[in-house]
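Order of writing sets the chain letters: A, B, C and D. Residues in each chain are counted from 1.
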Amino acid sequence: MNFGGMLKLSKLVKSRNQLYWKGLFGDDPIKFLLLFFVLYVHYVYLFIYAYLVFLYSESSGKFENRIYADYSIYKGKAALSAGPAPPKFSKLDSGGLKVDRCGTIMLTFTPASGERKYDWEKKQRFALSPTEVGSLISLKALESCEFFHDPAMKSSNAGQVRKSLSVKPHADGSGYFISLSVVNNIQKTNERLTVPVTTAEFAVMRTAFSFALPHIMGWDRYTNQLPKSAGENPSKGVSQLDLEWDR
Amino acid sequence: MNFGGMLKLSKLVKSRNQLYWKGLFGDDPIKFLLLFFVLYVHYVYLFIYAYLVFLYSESSGKFENRIYADYSIYKGKAALSAGPAPPKFSKLDSGGLKVDRCGTIMLTFTPASGERKYDWEKKQRFALSPTEVGSLISLKALESCEFFHDPAMKSSNAGQVRKSLSVKPHADGSGYFISLSVVNNIQKTNERLTVPVTTAEFAVMRTAFSFALPHIMGWDRYTNQLPKSAGENPSKGVSQLDLEWDR
Amino acid sequence: MNFGGMLKLSKLVKSRNQLYWKGLFGDDPIKFLLLFFVLYVHYVYLFIYAYLVFLYSESSGKFENRIYADYSIYKGKAALSAGPAPPKFSKLDSGGLKVDRCGTIMLTFTPASGERKYDWEKKQRFALSPTEVGSLISLKALESCEFFHDPAMKSSNAGQVRKSLSVKPHADGSGYFISLSVVNNIQKTNERLTVPVTTAEFAVMRTAFSFALPHIMGWDRYTNQLPKSAGENPSKGVSQLDLEWDR
Amino acid sequence: MNFGGMLKLSKLVKSRNQLYWKGLFGDDPIKFLLLFFVLYVHYVYLFIYAYLVFLYSESSGKFENRIYADYSIYKGKAALSAGPAPPKFSKLDSGGLKVDRCGTIMLTFTPASGERKYDWEKKQRFALSPTEVGSLISLKALESCEFFHDPAMKSSNAGQVRKSLSVKPHADGSGYFISLSVVNNIQKTNERLTVPVTTAEFAVMRTAFSFALPHIMGWDRYTNQLPKSAGENPSKGVSQLDLEWDR
């Protein structure tokens, strides 16, 4: 290769550049630096502005990482807390949203360790499925119900731990006893936590659970959908019943 | 054509341009290119920024194309799924929104093809209208109801396919049998799918259907309207009853 | 006044300006025009961008001018439509929002003019107040209720027009007759429109009216308020009961 | 101190600056001022634009400082108003939101001071807790209930003021008497305000209170959470029951 030629070209380019440089800024290269600095400040400003707008929209956003709003009933021997856990959705390739796992209403029982003191280390949980919630909110006066869970279901520990939740009415119809019994054959423990619930407290649970039920089922998502304009729909004017043909 | 004349003109234009050019930038036309380049970068930057803001607002949007959150009951001989279908709206010239077609709650029955297996190819659908939903959620203990649909109603096939949904209480009041019967005179088929539904499952359906009913009627749209300030209203101070005059 | 002196001053200023101008741009005033033009384009661009952002946020907004989603029951002699009318709010100087006039649920009765035809010119309206809605949704089986309105109440025509809405149960408990009677002493007319409503249709009305009731009362506004952080509240840790002291 | 040396240094700096200045702008320092002014205007413009965007997003926001939408019942001897007070939240370090103090439904009793006149100076308040609301909305026909509050509970004035709210059915089952009794041992006063409430008015309260109950408990916050995509969750495919293990 002809390195001598390349060197000459390089020199030529360099000398031309120097000429251009001199032609451009004459005696004052600082003029260029000033312009560069001003524009640089401008872009930094715009980035900071965009970031502040982003932060503001985040902070005034409508969702929080996690909500702690359990309804708690503190009684002599134990406390009972209840709060909804939202369903898990998965995004489909089509852009849709599918309930992957139904939400629950989580009941937490905590034994008392003294007067108005509760031992949160010993708390026990029971996650009510939508159908179990339906059972609770449709409970009539003097009716009772009971649910059984195996937290290790389908694993090698299946059958070793048995949880049961029972709701039994007071004899005088003035409320219910809600009990969680946990029999753990691995740890050889057998715990039973019972919380008496008044009619008023049960009414709060019934109302709050009824409110939460469509949400843990994911049905509240349907109401956030955009209105579908009939004009965009090719089947305009065709009865909804036609959808029943589709099988 | 007189190419000579055109050439002269071209030369003239060029020489005039060169004069302007020289007057504008003296010895350094590159200065102009630099300014042009800086401003060009600036606009490209702003467009990218605007596009990112647009993308962000889209992605954090509250609506999805489609939601899949059916409530499903799997029983030995068939499965029953229920989920709301939103109403279709059409936009009026006045800017208003009109329900063009009421939403429904779609019931899907699927026959079992084995243990815990269902033959989704053979599913049958029944779309409950708002009034049919009202009938279901007001069903009292030991009451029954039945609905008839003709999917080909008002077409030439009218009367050939007859669907009927019946809800009948268990003898002991512990729930309902929900059956879909499809008699198809074209395909000479006669199918009947029955799913036993417990009181708890029916309570879930009742609560979820009650939640969904105002939405399939389009009444949830009323609650998203802007508050109408009385100050903007010429009839301020006039009783609402006056509206009753308007006929 | 010494106009000669002013003239001299004016000349001086002008000649100084010309010197400045020359010092600033030398032989090329076009340079200045170019810079001015570039900046002008820049601002026009920013205004157009801001306007587009504004338009986009408007169009994707969550409110529509007006919603038409009445629940309609078409019967042989008349049709009955029902739909909520939102309350009117007024903005307080404190920035708060006050219900100025409660919303209603508007019932519209239209007489039939033939088979499946209704004479919309002759429609009659009755606006249910929140308490009247409460009366309707708490109606037990075989109970009836009646409301009286004077659309010209508190005007000089008071007592001339008398509207009454009556809800009477079918003898077999299978639904209700809803009648609107309008006695107009000015026009010497006496109209009565009756629509038989099935239990299922009444259940839809009961569910939809129960859904709409908090909205026509304006209570749905409470739920759109920002969460009040306790940290911002000087009375943190003080019981809510303290508010009861305030009188 | 050597002021002479400092003076020399100052002169040197000044002369160097003058040289730089001259090298930068030659005969026209005004050119620099013009550029500076143009950029300054630019930034002021951007700040004003950002502020207007901020103001617009605030004004079109979905929350107001305070809502006044009490449901009021005006009767001969007193008026009763009811409206929800939202819960207080505190922000956790984790970014979550915790109910710090439950909301209430505030009842306000105002004695009549003449025909259709009420003495707002003498109003008395009673804040219903969620459980008390549950008691009210689950009240069956001909049932009664009573609540006791001590506004000075846990302070040195404890026991001095005693408020009690009683809800007693009319003998014919056509509604309830709602009474607030305030015994103040400090001011030696004993007031009792009673408002008769019809079945229809009680139905409005029941429906509105049931609507408000999940909101004063803070459960409506759960429904504004972002959908949790299962893909982002390491425990995908694991049963919800597993959460019950966690203690």
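Just so we're on the same page, contacts are C-beta pairs under 8 Å (C-beta built on N, C-alpha and C of every residue); 3 or more make two chains touch, one makes a residue touch a chain.
No experiment lies behind these values; they were computed from the predicted model shown.
Common partners of chain B and chain C, by the touch rule above, are absent. Both copies, chain C and chain D, contribute mostly unmatched positions to the interface they share, with under half of the numbers common to the two. Centre-to-centre, using mean CA coordinates, chain C is 23 Å away from chain D.
Here the CA centre of chain A is 32 Å from the CA centre of chain C. Among the residues of chain B, those touching two or more other chains are numbered 42, 53, 97, 221. The complete set of chain-chain contacts reads A-B, A-D, B-C, C-D.
Chain B meets chain A in the complex at residues 27-28, 30-31, 34, 38, 42, 45, 49, 53, 56, 60, 62-69, 71, 83-86, 88-91, 97, 100-102, 104, 106, 122-127, 129, 149-154, 163, 198-208, 211-212, 215, 220-221. Put simply, chain A touches chain B in their complex at residues 20, 23-24, 35, 39, 42-43, 46, 50, 53-54, 61, 87, 92, 94-99, 130-135, 137-138, 145, 210, 213-214, 217-219, 221-231, 233, 236, 239-247.
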